[in-house]
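Naming follows writing order (A, B and C), and every chain is counted from residue 1.
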């Protein structure tokens, strides 16, 4: 069999065309994503200063700062994590360390995936119905935190599971062979090795919680509330909701544009810090603990 | 006699480290040559020179002359597609494509411009017969290749290589992932294919090298220690390292 | 003794872990209960607000009207009783605010105490009349007929073409425009995001050097983490005015704007998942293809894409799922007109945006409130179905590739 020159030329031409299309498409994607990022940063960075971060909003949210929204978001992040971390990590440990490949394991995984796929607005509806109305918490930090916590729970579970899965079985067997119990093995051998990855995953989920709007719309977020919360049953402002409000339905949308850019910048900054932190931790621990 | 593959003072570097040192071996047509040696000795790397599969790795530098059928294959204008058509390859683990049995064998033809169904059918049947697989699969050519057993999959991969009518077949430990019965079948097949093809086989298994090959080359740490007619090399090795290896003192 | 304590302790911990693992299931069950409890309530209510009634002449043979018929009657699209199953008689709309034109103040009474009589009288004299009145005025002295309103039912809910839950006299609860709006925006987004996303993932997995990949990968991950409001805000200040100018439209808040913003948001998801899928193709399989004389592109589309097909499909479906459920960004850029879309350059409204925009104003426990929960149920069902499909597709892969 002889392959004609034409066939080869033809297929190499096709390759060239296809690859160039891919290059162009990738360039479009990367450039537009970079454009968004730099647009927000360019417009937002000049707004940000110490006063912007530490003052109350003024003049119908067209002036002043976003202090209460920052504090509100921090409260919600803390509240949801207090709920989601222990339950999520425990659940991940149980799934990966205590269940064999049984129907129960598959069922839990299916449920976790399903929970992860539910749109955030549905969590909002649920939170309103259960925490705000039925349990009578009202619009409050606790209602919002529980709703958000439930929403990130699947992320924490999966992260934990993946991290535990990455620990080679030989370590478990080694520990068990030395007479350690299952719990001791998990606590002293498996968890320390999986810890860096678990922490990284949790940090990334903090980023996600801080930016969610739909679940807090009806469970905690206040349109305008120029004071700090005094208990977990108070309403708070929150950064993402604040950005939504001042860019669509504030008292003077045009006048609050700079504030909106600043708020968007703070949100992106939050995500940026969280990502950098996660990457740094990954590198730092990656050197300390060698894992497969 | 005319050599079909020649290598003259071949050196290969991965970045700074040298993986092959001054290797010179020539191969006769219609023979089976076994490349043996402990893991990491460079025998697989050497095998992959002949169809330029090492090109896929970044940072590789090659010096020396390698010819296939009289042509230097490391020239700028070397037609790699035509080279790989001439030099077929069978890998360590069976690696059929996620396609039907028929399409697996037809793959090499299709990617090289053959789309005529009657030609394809004819060549697929011919190749499967040569690989001694036709009788087992002729009724399920449309089925996924993954449904075959490991040994059958490996013979399918051989048929796939034969379909584009190569003159040389490279085998990189083709039976290492198979059970003894499948291994025996592959060895039998190699023996039969010898009449039509030149075969170079990398193997860990010394008995296998002894059974199937005419010539053997022993590699150690990137160097060619000894080469020669298989029987002589096994019975009467000249180099002490070869002797130690084939008597099982290391490796 | 210590041994016993130790083993009890272990059992206790294991129990705690087990309980934690049941939370996700519990959460889903609770979500289903609370969502559907409220949502199903929609279907036991009449579309007329509590405390109001529709009254007609007592001899009018029509007993029951649907919300849609009521709306058409009051919009004067239906002007004859025959259309709704009555006699051949034209319909006279009677607005209770105009009662002063027909009856003197003394006839009505100082505290409207004779109003029921007046209404009865009016309907008596105008056999084709229909009036929308406070139920209080159909009490003592009222001799006309009170119409029943057909309760909201599921098929109407799905198929009616108008969503106007605060309409008077009858709330219009047709989800069709919202479903279509959601689908339009989502599929528009996928149409944009899929070719771009797949091309980028193939470029990253197979074409570019590891160096560039190591820059792109974290960037894409970072963009996946940016909150949807930020994307919505960007859409609002850049894409919306851009579309308005480009197509010379009265408003830039359109389905197209929603699709573009959603596409940008879905890109990181699609790229990450399909790149992962592409990279699972065994090296041996790629090498085998190249060894047979295929070039890189042939290897990509003949071997790598078929091999990772189920992963790519899963990425696509997940992308659609994300797009369908996305709330804030869409709410900010699509204009939120609850009409059936005819082109991408018109405002549309999606299900999640409707919930977000209206729940704050809907009185708790009312029909509107319940209807929004019913929308939540629809969303929940759609996304559950998508999850199950993704689960099925990914499990199929394992079987194929062994």
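The rule is short, and it goes like this: a contact is a pair of C-beta atoms (placed from the backbone, for glycine too) under 8 Å apart; a residue touches a chain by one contact, two chains touch by 3 or more.
From a predicted model like this one, the values you see are computed outputs, not experimental measurements.
**Q** What is the identifier of the chain with the smallest separation between its Cα mean and the overall Cα mean?
**A** Given all protein C-alpha atoms shown, the central chain works out to be A.
**Q** By number of C-beta pairs in contact, which two chains lead?
**A** That would be the chain pair A-C.
**Q** Can you give the whole-Å distance between the Cα centres of chain A and chain C?
**A** The separation of the two C-alpha centroids amounts to 24 Å.
**Q** So, what's the distance in Å between the C-alpha centres of chain C and chain B?
**A** 60
**Q** How many angstrom lie between the CA centroids of chain A and chain B, rounded to a whole number?
**A** The answer is 50 Å.
**Q** When you check chain B against every other chain, which residues touch at least two of them?
**A** Residues 81-82, 85, 111-112, 164 of chain B each touch two or more of the other chains.
**Q** Considering chain A alone, which of its residues make contact with at least two other chains?
**A** Within chain A, residues 3, 11 contact more than one other chain.
**Q** I need the residues of chain C touching at least two other chains; which ones are they?
**A** 293, 295, 298 - these are the residues of chain C that touch more than one other chain.
**Q** Applying the document's contact rule, which stretches of chain C touch chain B when the two form their complex?
**A** Its residues touching chain B are 209, 282, 284-285, 287-295, 298, 302-303, 306-307, 309, 400-402.
**Q** Spell out the residues on chain A that touch chain B in their complex, using ranges where they run on.
**A** Interface residues on the chain A side: 1, 3-4, 6-8, 10-11.
**Q** For chain B, which residues are in contact with chain A within the complex?
**A** Checking each residue of chain B against chain A gives 79, 81-82, 85, 109, 111-113, 164-165.
**Q** Would you tell me which residues of chain C are touching chain A in their complex?
**A** Listed in rising order, the residues of chain C that touch chain A are 6, 9-10, 13-14, 16-18, 20-25, 27-28, 30-31, 34-35, 37-38, 195-197, 199-200, 202-204, 207-208, 216, 218-223, 225-234, 236-238, 264, 267-268, 271, 293, 295-298, 300-301, 318, 321, 324-328, 331-332, 352, 355-356, 359-360, 364, 372-373, 376, 379-380, 383-384, 386-387, 390-391.
**Q** Quick check: in the complex, which residue numbers of chain A touch chain C?
**A** It is residues 3, 11-12, 14-15, 18-19, 21-23, 25-26, 28-30, 32-34, 36-37, 39-40, 86-88, 90-91, 93-95, 98-99, 107-108, 110-115, 117-126, 128-130, 133-134, 150, 153-154, 157, 181-183, 204, 207-208, 210-214, 217-218, 240-241, 243-244, 247-248, 257, 260, 264, 267-268, 271-272, 274-275, 279 of chain A that touch chain C.
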